[in-house]
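Take a look at the structures below.
One chain, subunit A, appears in both complexes that follow, with subunit B as partner in the first and subunit C in the second.
After this line comes the complex of A and B, so read on.
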């Protein structure tokens, strides 16, 4: 068992969309997803990609205006008579007004379309920038800056969804002492196959933040419970997971087989909660077997516990 | 990674376009400003035009017209102002050219500007009153007429001063005043007629004084040349010159008559030639030219009489003098023809004029020549020949001969060769024998003498046109009287004709005899006598044979006998046994006696 260290993770930026985490250096033409505010190459401030895309769109609009203006001016320059001159000026103004109105009306749509096009065009560059970040992470690991490495891969992982990233995250997290006040993740770390390190991480997380156990985690445990049982205190771990599933009656209904199977490993307070939940929902269909298993468990182990009296 | 990000690309595209737009904007602003300026100027021009102020109207219009930013439609008033603009520009250009020409004193350019000015003035007057009035106003503003007036008045004064200075100093080389005075326009003389009269009087006075002074100090050529030069100048300026021609004719007639009276042929020819050279300026019925022609005719008649009386040298001298005036080639040909017929030696003199030759022989119809003459330059040892070939063309030949020059005797063989192509034989003192003999035939087509033979011997005789007997020649036939055949390659030894038996004493006597005979023969027959004539009679007497003790060359020679001076006793292998002074000896004649 490795020795875990206590760390304090930096706060993660909360964004509505993942792309909002993406920043770019307009001079070096590189992208950045970490917490740095200025480019390490040129020192220029990173700009959010959305802003840059909006600027590009604005410039496209300006370019079109300029092109239109150039044509109008050339028409005026080529005018041979006063009449042609007047027609050129008037026509130019009219065209400008029309174009302006159209731009005002459809400008917002254009920004979104341009942003998508921008992202498509820059996909390769963004990938290269993320690759550079991964190299940095590798370097941090070599230098045993595991916390930095985790924090960075946590950001990169927002954009790259692969078992490799997830497993590396889990490896880094297993170096730390997990606490309640930490910003931990669980669901996003679920690998597509069974992983021993993840199970170990799950054991630690469920202790400090059982609320992170959600349907996908329950599915994973349910799927690989035979392998989990091979772990030391595997039954207790599954029992803790089953106890964590008691947060929502929907989970209880959905995973009652798992709960029934490992009801003996439920802590007293989780069992009491389960009993109360059953008493509230005993008139609903589908809870009979669970109710019976809980009654049996109470009778055998908590018949003299006053808290259980009258619950069922 | 892409070279430019969309951010950078959009930045550059926009900025480049922005620069272009700014440039176009500047251009457009300039165009609009100029268009506005043009519109304002045109408005001003129209206002001035309606107020009949043509100068200001044209000025404003020309300024507007110079603005090319925009085109305006032509209107009647603008068309007139456009025409006035052309008039103003022409006058300004003309004024500038005139001022430069006047400052640089370029008379031709000034005159051209003056003529151009009047041409423009007439054109403007022909168009309409407005153009004519505008023309006068602009010309007045530019002071064009004043410039011309000042220039021409000054030029007239300087030219007249030059005339006076030439007369005072009697120096007539610089006559540029003629051109100056002639090119000054009529109006500065007070009209065309006044100009004509004034200049005629001035020039007549000048030319008379010039003729008088030049006649006193210069030659006929100089006087005539100077007057002719003046004439050319007057003609060039379009000035009448009858008075000058009559002046020239009077002078020339008097001078040429004087040479005729004094019978000074050389001077007559000089003056006639000088006067004829000015024929282009003289009238077709020039008295002096007629006088010259008459005198030349008289002189030719006199020369012809010399020819007819065979005084060819006098005739030739006269012809040569007259050759400077007339073509005498036909007369000279006739003269030469007659002279050669009279004396063929003239051919040598004519063809080799720088040689002093002894004429050796002359004749006709030999070697394809109509007539010929052969001469000898003893000092140089060169044989010369001049002839007229069948076509009458003169042909000359010359050949250096390497022989004893002083003793050389030339003759034309009457035996050797053909009648049309006889052989010239040369006899001179030899080196190894008494004589050196040379046979030559002239080849007129190749213009050279062909050597037929060159040999040394003690004597020779032509017995047939192609047969020669040679006595003791050098080479083949030595010690023989040998018979040679004259063939294409020259003399070819044929056979021993007789033994050559003569001692030195006899030889000396024989030579003397030959010389006497030769002299006698020459006395009788002149130049064509062959120096070898008379010898053939002696040759048989001189045929002798060695007498040997036995029938062979190995036997001792016991004496010598003359042909037919012995009695044959017996024959053996080509040897004859003869009775010799009471004894018996052997001889071997090559030819049986």
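After this line comes the complex of A and C, so read on.
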């Protein structure tokens, strides 16, 4: 068994959208997703990409405005009569007013479309920058700075959802003592295939933050049950996962088979919760087999426990 | 005459721009769609030739 170390992770910056985490150095034309505020190459302050894209749009709007201005100015200069001069001036004012009103009303939509275009154009550069971050992480691992490596890959993982990134995150996380107060993740680490390191991580997470067990995790456990059983104390682990599923009645209804199969591994407090849940949902139907299994378990192991009396 | 011609060119430019802006308004791209677009681009696997 590997020796785990206690660490305190850096607080993750909370953003409503992933793209808000992406910053760029306009001089070096590189992207950055970590916590640094200034470019390590040129020292210039990083800028949020939305702002940079908005600047491009603003420049485009300005050129359109200049083009219109040029037409209007030429129209005024080419006027032969006073009427033409008046029409040129009035028309010009009207054109400018319309341009401003349109810009004010629809400008935001143009910025959004341009931002999408900007993202598409910059994909390869963003990918290259993320790759550079990954190389940096590799170097941190070589230098045994696993905490730094994890904090960095956690940021990169916001953008890249490949199994490689997930498995590296799991590998690093398995070096640490996990605690309740940590910002842990589970669903986002689910690999597409069975992975023994993930199962070991799952064992630790379910002890400290069982609320992270969601439908996708339960599906994973169901799918790779036979392989998980080959782990040391595999039954207990599945029992713990089944216990974590008791947080919501929807999960209980959906994963009844799993709960029934591993009911012997449910801790007393979880079994009591399950029994109370069943008595509440008694009228709904479809819980009969589960009720049967719980009753049997209570009779054989908790018949003298006063807490269980009269629950079912 | 050239005055009217240039002025109508400016109006034409304005109409063209209005139609473009109207089209983008109809697209009504949300922040979540932008996010998803970025993630799709970054996580898209290159197609083999």
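We take it that the second predicted complex is superposed on the first by the 287 of 312 C-alpha atoms of A that agree within 3 Å, B and C clash if a C-alpha of one lies under 4 Å from a C-alpha of the other, contacts with A are read in each partner's own complex, and residues count from 1 in each chain.
Everything that follows uses one rule, which is that a contact is a pair of C-beta atoms (placed from the backbone, for glycine too) under 8 Å apart; a residue touches a chain by one contact, two chains touch by 3 or more.
Everything numeric here is computed off the predicted structure, so don't read it as measured data.
Undergrad: Using the superposition described at the top, determine whether subunit B or subunit C touches more residues of subunit A.
TA: Higher number of touched subunit A residues: C.
Undergrad: Just to be sure I read the superposition right, which of the two partners does A:162 touch: subunit B = first, subunit C = second, or both, or neither?
TA: second
Undergrad: Is A:67 contacted by the first partner subunit B, the second partner subunit C, both or neither?
TA: Both partners, subunit B and subunit C.
Undergrad: Is A:18 contacted by the first partner subunit B, the second partner subunit C, both or neither?
TA: After superposing on A, A:18 lies in contact with subunit C but is clear of subunit B.
Undergrad: Would you check which partner chain A:98 touches, where first means subunit B only, second means subunit C only, and both and neither mean what they say?
TA: In the superposition, A:98 contacts subunit C only.
Undergrad: By the touch definition at the top of the document, which applies to A:52: first (subunit B), second (subunit C), both, or neither?
TA: A:52 contacts subunit B only, not subunit C.
Undergrad: After lining up the shared chain so the two structures overlap, which partner does A:280 touch, if you call subunit B first and subunit C second: first, second, both or neither?
TA: It touches nothing on subunit B or subunit C.
Undergrad: Between subunit B (first) and subunit C (second), which, if any, makes contact with A:26: first, second, both or neither?
TA: first
Undergrad: May I ask you to decide whether A:223 touches subunit B, subunit C, both, or neither, giving the answer as first, second, both or neither?
TA: It touches nothing on subunit B or subunit C.
Undergrad: If you stack the two complexes on chain A, which partner ends up touching A:79: first (subunit B), second (subunit C), both, or neither?
TA: Both partners, subunit B and subunit C.
Undergrad: Mind sorting out which residues of subunit A both subunit B and subunit C touch, each in its own complex?
TA: 67, 74, 76, 79-80, 85.
Undergrad: Which residues of subunit A touch subunit C once you look at their complex with the stated criterion?
TA: 16-19, 22, 64, 67-68, 71-72, 74-76, 78-80, 84-85, 87-88, 91-92, 95, 98-99, 102, 105-106, 109-110, 112-113, 115-116, 119-120, 123, 126-127, 130, 159-162
Undergrad: Which part of subunit A faces subunit B closely enough to touch in the complex?
TA: It is residues 24, 26, 29, 52, 55-56, 59-60, 62-63, 66-67, 69-70, 73-74, 76-77, 79-82, 85, 118, 121-122, 124-125, 128 of subunit A that touch subunit B.
Undergrad: Would you tell me which residues of subunit B are touching subunit A in their complex?
TA: Residues 1-2, 4-8, 10-11, 13-14, 17-18, 20-21, 24-25, 27-28, 31-32, 35, 39, 70-73.
Undergrad: Which of the residues in subunit C end up touching subunit A in this complex?
TA: Within the complex, subunit C contacts subunit A at residues 1-4, 6-7, 9-11, 13-14, 17-18, 21-22, 24-25, 27-29, 31-32, 34-35, 37-39, 41-43.
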